[in-house]
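Each of the next two complexes has subunit A plus one other chain: subunit B in the first, subunit C in the second.
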Partner chain A sequence: MSYVEAVLNGLMVGGLYGLFGLGLALAFGIMRIVNIAHGEFVVLAAYLGVTLLAVTPLPLPVVIVVVAIAAFALGWTLQATMLNRVLGPNPVPAMVITMGLSIVLRNVLVKLYGANIQSIDIGPLQTMGLAFGGLSIGLLPMLIFAIAVVLFVGVNLLLTRTTIGRAFRAAADDYEILETLGFNRRRIYNAALGLAVALSAVAGLLLAMRSSFSPFSGVERLLIAFEVVIIGGLGSLRGCFLGGLFLGVVQVVGLKLYPNSGPLFGHLAFFVVLLLRQSNLGSFLAWGRK
Partner chain B sequence: MTLLALENVDVFYGDLQAIFGVNLHIDQGEAVALIGANGAGKSTLLRAMIGLTAARHGTVRLDGHDITRERCDLVARRGVAIVPEGRRLFASLTVEENLLMGAARARPGPWTLDAVFALFPAMREFRHHNAAELSGGQQQMVAVGRALLTNPRLLLCDELSLGLAPKVVGEIYACFAGIRATGVSIILVEQDIVRARSASNRLYCLLKGRVTLEGASDAVSLDAISQAYFGERRQ
Partner chain C sequence: MITIPRSSLTVPVLGLIAVATALVLLPIDRRLAMEVLLVLAMAQGWNLLCGYTGLLSFGHHAFVGLGAYVLFMTVNTTGLAPVWSILVAALVALVVALAMWMLLRKLRGPYFSIGIWVLADSLRLLFAQWEWVGSSRGIVLNPASIDAATFADMVFYLALGLAFVTQLGIFALLRSRSGLALMAIRDNEAGAASIGIAVARNQLGAFLISAAICAAAGAIYYLSVLYVDPSGAFDIDWQIRVLFIVIVGGLGSIEGPIIGIAIYFGLREVFRDAGDLFLIFQGLTAVLVPLVMPGGIWGLIAARTGWQIFPTRRLAD
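Presenting the complex of A and B:
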């Protein structure tokens, strides 16, 4: 695998990382909720996909849609039954709820599926590739990347062209005024978390086709989502997408350099970005001299 | 016919009481001014009318329905709209998107996007600008337009003149005739007493959460207003 291929592969997995970040950023941007269970939802979607493929004759595209709908319903229900009860200026109660939920989900998955590493087998598509100009690129990663791009474009259209999308943005700006215009804030929040979880679930299912997962993969997925959001900047769709691509490229190229490095290079890159963001580096140095 | 009536309304912020036993009413098509010093409770009273801060005691009736503890969005759909203090436009939305938010859950009525643009022709020019880029006067026009697009029966206006040049304030108040011609009732919170009197049929003066004066705007004397406003004993 040449470095060009590594970069291309990184971009393609980065599209999925962008989606992880987008789900987290939507929930935080609109409701100010830090969803600690985000990673577990991502893994849950992968297990749901595995089960559906194993026990039903549904073809893969239908399974993806079913998982997305189920995830939307789950996000909606979580917001409606639990998180809407702790709305307010203090973000901690919602964090505690989602953290508790993440522990529950993780252990339920271990109980149901065991702690072993799994992967989704989708047949010959997994190994098909295209070769051009001396490069060979897998067909599956390209398809997955295309889906990620379509979802980003779709969310952008939703946020700018539809009433519910504008309501999401307006709720982030000033939810009281939105209520005075006749919008039920809670319903909007339900839909927003539904969308956030659905996006992450689709990304989680797609990632499960390219790499393995276990009930304990959620934390790592959550970490990626956080890194994407912080690199890309909160509240920016494009930022999420670019942040995801950046992280994906760094990680895959890093893996090519040192095959045992795992996600190390992604985390290092994140750390470097954090350091560079410290625009008051000069004053920091001055402070050190005092 | 009475549109909105407040009976013995108490409003609290946590343990702090801001409004004490206020009685107030407004008829269909009427314009009522609410005057008073900073902290008198004018904005709080408006919040109780639209359900943002529910009254703890007493009743708020709209058209005979008890809306005291009804959720804000439901009150809004019954036909109450607010132009909030400080305008509070959705900063990440464009002007047109702000207006569309007002229209999205609107009752049927005369106010459409075109009607609002006809009321404030200048708004067409900056309809695609971000709300945060506008001048104060432009923002105020958008805030009024956004509230009108819900086709309210009762429009609550909180300090329209706050932080605006007198000329701009004049332009905004000049539109009131057109708004009232559609049959909308208006409750006007205003610091500028002269303007409040000229733009209203009746006025209430609030002092420390209580009504200290009530009467027809052209009948109450400035003397009486100043006494009610500051709570001073006449010499």
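Presenting the complex of A and C:
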């Protein structure tokens, strides 16, 4: 694999990282909640996908939709039954609750599926590729990247063109005004976490088609999501997308240089950006308006 | 004048002496006692940072692993006695914590929590790549550096010493002028800042103290097992354990972590034959505590009774 291919692959996996970040950023932007179980939801989606593909005759696109709906319901329920009860300026209770949830999910997955590494087999599409100009690019990564772009565009349209999307943005800015307009703040929060979890779940399922996962992959996914949000600049869709691309490239190229380094290069890039932000040099990195 | 009543020292000091005597004299399981004492020290250190200055760290396992590695490398390469190497471990942790602070100081709230978690994960990955420290295979302590006959007693007394120095040190700190500042920050950060309390400096102080304590505890724990590897020493489970103990016991009090410790190790013994069920139960408890008793168990007791075992409250006379 040449470096050009590594960069292209990084860009394509980066689209998914952007979606992970988007899920985390929506929840934080709208509810001021940091969902520590974010990574476990991502992994849970992959397991749900594996199971549905194995025990039902449903085709892959339908499975993706089913997983997205299930994830939306999960996010809605979590917000409605627990997180709405600890709203407020103090972020600690919600973080503790979701951390507890992440422990529960991780260990339930170990109990159900074992601790082994798994992957999703989706047939011949997995190995098909296109070759042009001496480069060979997998068809599946391109397809997955396309889905990520479509989802980003979709969320952008949702946030700018629909009532619920405008309500999300209003809730992020000033929920009291929102309530005087007759909106139910808690229902908006439920829908927002549902959307956040659904986006991450789809990304998790797509990532599972490209790389293996285990019940313990959640932490890595959470840290990726977090790094994307910080690198991309808080609170902007474009930032999440670009941050995801950047992190994807750094990680894939880093893995090519040092195959055992895991997410180390992503972490290092994160700290470099953090340092640049603290100096004046970093102002050009501040994408987005916020 | 507003002071803490001097007479209030009798109960905690006599109580600590009684507990220490009992631990030394009674025929208890010293291995388990050592672990309990070390985790108590970590929990008190972490609580000083998170309970009082409001910086919720999810990355203190960085210092546990760092302390362990510094001890092993110091003993193996310089031949310094393990006991003194613990001090080296704490000192190195202080320096590293200071460097981390430079990186993290602008991050607040949840950003600090996960930022330090990324740092801890980076350390795990770095140590797993670093050939000099044995990469992912880990390292074994040089057997010539210890005396097998007295080793088990030595690590027990080291753990006992660390736990009691931590306990008394934090108690004394909270009764001092700095303690007043810390409690003011705990109760209202913006208010504390507005009357001239240097919030950031107090946060840095608490961060450094908690880092040194966790490093010393990690050093003693891995000294006792004579072997350290990156996935164990930098395991997030160290952090989860401490967080669980402090949250369940009660954040921002000296008594909370002690109660949390009793519950954590009690549960672990009950679920001794079902480790995965224990973890699930631990997770469920963490989910429920903020919903049903936000102040933890000690918070509930203190609100009902006004008790203080380690008095830090100032009264006007």
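A few points about this structure:
Convention: the second predicted complex is superposed on the first by the 279 of 290 C-alpha atoms of A that agree within 3 Å, B and C clash if a C-alpha of one lies under 4 Å from a C-alpha of the other, contacts with A are read in each partner's own complex, and residues count from 1 in each chain.
Convention: a residue touches a chain if its C-beta (ideal position, glycine included) is under 8 Å from a C-beta of that chain, and two chains touch if they have at least 3 such contacts.
Only a predicted model underlies this, so the values are computations on that prediction, with no experimental measurement involved.
In the superposition on chain A, A:82 makes contact with subunit C only, not with subunit B. Between subunit B and subunit C, more residues of subunit A are touched by C.
Look at A:178: by the touch rule set out above, it reaches subunit B but stays clear of subunit C. Within the superposed three-chain model, A:163 lies in touch with subunit B and out of touch with subunit C [touch as defined at top].
Shared-chain residue A:123: touches no atom of subunit B or subunit C. Of the two partner chains, neither subunit B nor subunit C is touched by A:134.
By the touch rule above, subunit C contacts subunit A in their complex via residues 56, 58, 103, 106-107, 109-111, 113-115, 117-119, 121-122, 125-126, 128-129, 136, 236, 240, 243, 247, 251, 276, 279-280, 282-291, 294. Against subunit A, in their complex, subunit B makes its touches with residues 50, 52, 71-73, 76-77, 81-82, 84, 88, 90-93, 97, 100-102, 104-106, 146-147, 150. Interface of subunit A with subunit C (complex): residues 28, 34, 36, 82, 85-86, 91-97, 99-108, 110-111, 219, 222-223, 226-227, 230, 258, 260-264, 267-268, 270-271, 274-275, 277-278.
Interface of subunit A with subunit B (complex): residues 163, 166-167, 169-170, 172-174, 176-185, 235.
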